[in-house]
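Two complexes, one shared chain (subunit A), two partners (subunit B, subunit C).
Showing the complex of A and B:
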């Protein structure tokens, strides 16, 4: 983990599986819908058809369900990470955890019709690769055919990001960390993920509109720093409020007159506190 | 993760973080049970996934639903189903068969139909075109 003052981290050299979007979530049932919302953002920038998106949503849901149900002991949940990477003609998605490993993962409950999840994944993805990344955890990588991927979405150079000091316990308590590039994906992905988390924090429609607007402006500001600048934003969730936290120069939100929104900037870190309204 | 590693930048929303999240209006999941003279209809709205499937399971566990002569789970308003949701439906079907209850589901949207086809569930269940056929 970096401290707030030394936040620049280059990603690995660009390769076909360099992620365009990374979600750091927690192994709870409610976080699987966050992954589907992030997929909706991917689908929006790739202009995928409904049936294709539905198949990918099914596969990713089953993979994330496996993490939620099998990766960790029932009373000790842990990280659920999902990476989306664009390659020519392909979407590559990696679902990983730091749990008990792949052998235990495959013990699916047999009630009501036996194993269903893994056959669904195998049937609907172009390829599936299960692996044991090392000391602990499981990593499953899927590829999907997605037709033409526009050139600005393919990372031709390493993206770099500035990551605020983000604590795992905020993710454990209902938040998420989103890292995304390029800017047009970051805007949609952050807005969709923040909206679903805000919905759980009982935001009204007006509050959700605030979340959408602020997310997109934060992503725009970060993207304006350069073509290979990725956004990393922490989302903290509390009852009836959320906080978006990222390295950005932003000190206010355009056209905002809402008392439900408070923006501050300290040491280069923009924090937007939003209320449910 | 140690508590001391919390960043300053995360401060404001921290105070009330201990509270458990409950599903909010944005989840829009609902199970509506209608006890008719000739059949009981359990209509499911929203996404029938790992988070929501227990609510369908609980509705079906109700004595009046279990003892109905004819039980139909209406899937026409479902936006998404995963293997957890499908498992609840298949288990209900097996229990119905064992107890002599007549059981069917209505056809869901494209994603639901695809999952039924991929898993072979469409061959194991009576799938109705609509509630009119119930």
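Showing the complex of A and C:
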């Protein structure tokens, strides 16, 4: 398996508007599923009702599909980033890309008639804000009403993370980078995202349970380092195996022989490699 | 009578057959009670498999006992198999029905629940047919649903039942039987037993080739791959034909019932 790279420390001074969950993905149809599964994790933590989740999922699916279909030239897909941030009573979701820009999205005629477009997103979200972050790319920010957000989920102080550098190649090749806090969101989010990627790598149900257990364990290890600690985990996907790269110590699962698991630790980066079973 | 004595009696076969005859033919309730006592350890063992779910053990044992009673009442000694082999799927069936109706430890929407159970069944079926656990993509192909739906179903099942498919059910017996063994093979035949005589008539209404394939699978107990070689189809096609045949048999049986 290719190297996860040298460790670098980043994002040490987050602000209260910092996202609780960030997904670094690629503009391909399969990654829209990853976004929806991450939303399912958010919904689980916020205890959202089914219809509310369905509304948000519809909007996010549409926004991400826009990126997949329109943001990049057909043969040159690029990054798809999604951020979820909690605020009192609100969930703020930002979908961004480094593609051809908002104008091109907007003017694109909607073929097929049956597809949903920007008016639908505007109707379902509390607010929608488009912005052109610069030379390249598009950024769309949605706000949804979600009722009470428990106080431990609101980042009242900076969360910091240590981020294993993960080459863009890995994300382009089917992987993802997940950054999340607090720990209880990180556990569910990492588990759900890793499960999708493992499913794509043809894992069995038993293999998925290994992935689930190790993901939650990683999140626990990181959360144990301190109350304002965010998890960053790079997920590298290969046929019938996935690798979770973090700075978590993972001593508690090294001896876990029930899983098809191999843990290695080099220059502080822990890499948990799981097989499909 | 001690438990060991009961086991001995069961192994010789006389005790059980005699008790069954006394209950079935003469309505001797004492014989039935004795049969229940004989097999209660089995019910307890199966109920224990679900202990990590949110249900209290007492309730689980009660459901398992109910399954045992049903098995004793419906068992047909003419079929030659021991009561135990019929009781296991009956008890598990009863427990699964119970969980289906009220046992979900977190709220899972109804449609998702049903899909989760279909995924669960497909998992067991394919595990038996392929001789190993199917991967997620294979499950999706088999059920003709999205991989995402399979993932959701498996995630929902996590909260429903934490028993591993490979968990050994009867470790203290000589033979170790895993959960998969019990649920899969026995289950299919159990369905056929329930269809009973109606099925026998219904099978004759199937096209020739399907009759043959059903016979090869459920009477001769060949694997789908073996059947595929014999009839010159792919294993996937055999799987589809069998599934369709079973559905058709069920429909015919229901019509006639």
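Throughout what follows, the second predicted complex is superposed on the first by the 248 of 277 C-alpha atoms of A that agree within 3 Å, B and C clash if a C-alpha of one lies under 4 Å from a C-alpha of the other, contacts with A are read in each partner's own complex, and residues count from 1 in each chain.
Following the convention adopted for this analysis, a contact is a pair of C-beta atoms (placed from the backbone, for glycine too) under 8 Å apart; a residue touches a chain by one contact, two chains touch by 3 or more.
Model, not experiment: these values are computed from the prediction.
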| item | value |
| --- | --- |
| Touching partner for A:36 - first (subunit B), second (subunit C), both, neither | both |
| Which of subunit B and subunit C A:18 touches, first, second, both or neither | neither |
| Which superposed partner A:212 touches (first subunit B, second subunit C, both, neither) | second |
| First (subunit B), second (subunit C), both or neither touched by A:62 | first |
| Partner touching more residues of subunit A, whether subunit B or subunit C | B |
| First, second, both or neither for A:83, with subunit B first and subunit C second | neither |
| Which of subunit B and subunit C A:50 touches, first, second, both or neither | both |
| Which of subunit B and subunit C A:97 touches, first, second, both or neither | neither |
| A:199 touches, of subunit B and subunit C: first, second, both or neither? | both |
| On subunit A, the residue positions that both subunit B and subunit C contact, one per complex | 33, 36, 50, 195-196, 198-200, 202-203, 208 |
| Contacting residues of subunit B [partner subunit A, same complex] | 1, 3, 5-19, 21-27, 47, 49-51, 80, 82-84, 86-92, 94, 110-111, 114-115, 118-119, 121, 124 |
| Touch list for subunit A against partner subunit C, complex | 33, 36-37, 40, 50, 192, 195-196, 198-200, 202-209, 212, 276-277 |
| Subunit A to subunit B touching residues, read off their complex | 1, 4, 29-30, 32-33, 36, 50-51, 54-55, 57-58, 61-62, 65, 68-69, 109, 111-113, 116-117, 119-120, 123-124, 164-170, 172-174, 195-196, 198-203, 208, 234, 236-239, 241-243, 245, 262, 266, 269, 271, 273 |
| For the subunit C and subunit A complex, residues of the former touching the latter | 109, 123, 133-139, 147-148, 150-152, 154-155, 157-158, 164-166 |
